[in-house]
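Chain naming follows the written order as A, B, C, D, E, F, G, H, I and J, and within any one chain the residues start at number 1.
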C-alpha cells in the first residue's frame, strides 16, 4: 500500500554540528536500507527546502508508523502522511 | 526536471453529467498520452478525495505550464506545483 | 485497517427538498449496510454541525476510496481521511 | 456523553530521556485505568504522528476537563475537544 | 451543562426580502421561547457583524444539537460550539 | 459596555512551580475582586484547555485595556477581544 | 471611543451596473454625512483593493453596530472591527 | 504618502525588566520625535493587546523602511505594512 | 517607487468564451502599453497557475491604485500588493 | 529558468552581534557574487520587513537548491520558491 510522506526537518539550533552530522549519517543509512527493501519507493528533495517528499510502499498503517518513528531525524521533523491509491488513468504498473 | 503537481478537482455542479463525462474521458486520453511520452511520470489518487498527486518530468517551467493548461479539466482544478530535485540519500536512478 | 473519516455535508441550496431527502434516505441505507458488514465501525454526529466522525475498517486505501466515492451524498461532502493504527496504551481488543 | 479528543504530544527537547520515559509510563497506567473504568472508550495512534485520537464517555464537561488536566503528559500536549452525539444512521448500540 | 455557541449568518442573496424577514421573525420567536425556558442563557450581537455569541444551558450534546438544528436560520449559519465548565476563579453561582 | 474576552494561558516551562503558583494565586484574587465590582461579569473554563471565556462590563476600551494589562498572568496569555452589543432577540435585562 | 473598521467590498457579479452605481452613490452620501458629524473620523483606500480602512469615533458598540448595518454596501462587505484606545506614546490630542 | 503600520510587540522573556524598560523608554522618545516631525501621523493602542495601529506619512517606501528598522523595539516586533491612498468619499483634507 | 503585485485570475464560469477573450485581449494591450511607459516593469506567469507576479514602478500609491483598477480583468482578480525598496546588497542600478 | 524566491530572515536572538554581523557580511559578498554571474537577477527589500524578494535565473531546480543552501543566512531563513515562466503579455526580452 502506498503513502506519500512529506518530511520537513527543523534542525535543533542548540545541538553541536558533529552530533547532528552523526544523526544525519544514520538517517541516510536507514533510508537507503529501506529503499533497498523496496519499502521506501521514492525520495525527492523539495527545491530550496530542508524537506523531502517520499513514497512508501508498506503492508499497513502500523508498519508505516513504526518505520517513521525509527527515523534518526524523527524528533526534528514535521511529518504529513497522505494515503494514495491507484489512479484509474495510470498506465504504469508500478503506480500501485 | 521533476515537479510534484497536486490536482484537486471541483466538478461544476451546474454541468450535465454527460458533458462532464466527455471532459473526463478526454482528460484520461490526454494524461495517458503524456504518460506514454514519459512526461507524466506518476499519477496516484488521494484516498477519499477527487484529487491526485502526480510527478512530471519536463524540460522547463514553460513546458510544465503549457501541459497543465491544456488539461481538459484545468478550469475545474486547483493546482499546486512543487519543484523537486535529487535527494542525496536516494539510491534510485529514476529519482531524478 | 482503520481510518478516521470526517464528513462535512454542504447541502446544495438550489436542490428541491424532496430530491435531497431521497438522497439522504439512500445515504442512510448505504451507511447501515456498510455498518452491518463491519466496514463502517462507528459513526457519530458532531454536535451542532451537519457533519459526522466515522471509523472505517477496510482492507486497503483502495477499498476505502471506493466505499467513500459511492456515498450518495459524496458530491456534497468535504471529506478528511486520517489513517489510524493501534495505540500501545490501548487495552481494547477492538481498537485495531 | 461522548467527546472526541485529539492529543498531539510535543516532547520537551530539554528534558532528559529517563524523566520523560517515567512520565510516559505514568501516562500509560493512567490511560489504561480510565479505559478499564469505561471513561476512555477508544484510543488510536495517528499513523506517523506522536498523536492520538480518543473517544471519552463521561458525565459532564467538568469530568472531561478534570480527567484531561490530570494526564501526566498534559503540559506537553495540544488538545482538541469535539462533542459528539448519536448519529441517526448508526446501528450500533454503543455509538452513544 | 454550558456551551458557548457562535452563530454567523450568511443571508441567501437570491432569496426575496419578505421570505427572509419571515424566517428571521420565526427565529426571534424560537430564540425567545428557548430563553424563557432557561436553555438559551445569553445572546449578544457581535459589534458590526451579522453574528451572535450565545450561552446555552442544556442536558446533553444531543439536546444542544436538536435545538440548533431546529433554528429557522440554521441553513444560513456557520456554527461553532465550545463546551464550557465552571472556572475555579468564578464567584458567580450562575457561571455553571 | 460588554466585551467577550478569550484568554489562553501558555505557562512558562522554565519557571519553577512555586513561582507560577504564586502568580496564579494573585490572578485568582484579582479576578474575584473585579467580579465583585461587576466589571468581570462571567468567567468559564473551556473544557480541556488552559483557557477561559469571559464577559467584561466596563466604561470604555481604555478601562478594559488597563484591567487586562494588570492581570498577573498577562505576560503568559494570548488574548482575543470581541466587542458585544445587545441582541434584538434577547429577553434578558442583563444581556447588555 | 475609537474603532478601526476595515471594509472589504465584494461587488455582486449578477447585479446590473446602474443598480450598483446607485448603491455606491448612496454609500458616498451616507459616509460623508457621518464624516461631517465627526463619527467617521478617517477613511483611506487600501492601495490596489476594493477596500478601506476607517476610524470611527462613537459613543458605544451599539452606535457603531447601527451605523455599520445602515451602510448601503453592508450586504456586500466583509467587516473587521478593532477597538482602539489612546497610546501612551501619542502626542496628538486627537488620537483618542 | 500614507501607510498603515500594525506593530505587535513580543517582549523577550529572558531579558531583565530594567533593560527592557530602557528600550521602551527610547522607543517612546523616538516615536514622539517622529510624531513631532509629522512622519508618524497617528498611533493607537489595540485594546487588550501589546500592539498598536499607526499611520505614517513619508516620502517613499525607503524612508518608511529606514524609520521602522530604527525602532528600538524593532527586533521584538511583528510588523505589517499596508499602503493607503485617498478615498474618493473622504471629506477630510488630512486623509491623504 | 517599486511594488510587487501578484494577480490571480478567477475566470467567471458563467461568461461566454468570446466575451472573456475580448476582455483578455484588452488586458494584453493595456498591460503592454504600461510596459512601454516603464510603469509595469516586469510580468511573469506563475508556472501552472492562471496568475502572474509583476513589478510596478510608479510615482505613488494613488497612481498604482488607479492603474490596477483600470485593468480590464480587475473584477476577476485577487490582487496582493507588496511595497519594495532597494536592497543594500543589490548591485543592479535598476533594482530601485 | 526563472524562480521567485522570498527569503524571510529570523535573526537568532541568542547570537552575539559581531558573529551575526560577520554572517551578514559573508551573505552580502555571496549575493553580490551571484548577481555578477547573472544567476541572482534581482533582489528587493520588502518595506518594513527583514525579508527580500529575489529573482533567480539558473539551469535547474538542482542548481537553485545548491545556491540557496549555501547562503550564509540559510539556517536563519524561511524560504518560499515559486517557478516563473514567460508571460504572453510581456514585451521585455529579459522577462524570461
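By our rule, a contact is a pair of C-beta atoms (placed from the backbone, for glycine too) under 8 Å apart; a residue touches a chain by one contact, two chains touch by 3 or more.
The model shown is predicted, which means the values in this text are computed figures rather than measured ones.
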Moving step by step through touching chains, the smallest count that connects subunit C to subunit I is 2
Among F-G, B-J or B-I, the pair repeating the B-C interface (over half the contact pairs identical) is B-I
Can you work out the rotation angle that lays subunit C over subunit J using Cα coordinates, in steps of 5 degrees? 180
Counting residue numbers used by both copies over all numbers at the interface, does the subunit B-subunit J contact come out same (over half shared) or different (under half)? same
In whole angstrom, what separates the CA-based centres of subunit H and subunit J? 28
So, what's the distance in Å between the C-alpha centres of subunit J and subunit E? 51
Subunit B to subunit G: how many Å between their CA centres? 45
Which subunit C residues reach two or more other chains? 2, 45, 47-48, 61-62, 64-65, 81, 83-86
Each pair of chains that touches, named by its two labels: A-B, A-C, A-D, A-J, B-C, B-I, B-J, C-D, C-E, D-E, D-F, E-F, E-G, F-G, F-H, G-H, G-I, H-I, H-J, I-J
Using the touch rule from the top, collect the residues of subunit J that touch subunit B in their complex. 1-3, 60-62, 64-65, 81, 83-86
Under the touch definition given earlier, write down the residues of subunit D that touch subunit C in their complex. 2, 4, 27-28, 31-32, 35-36, 41-48, 52-53, 82-92, 95-96
The residues of subunit C that touch subunit B in their complex are 5, 12, 61-62, 64-65, 68, 75, 79-81
Subunit A residues within the subunit J interface of the complex: 11, 13, 45, 47-49
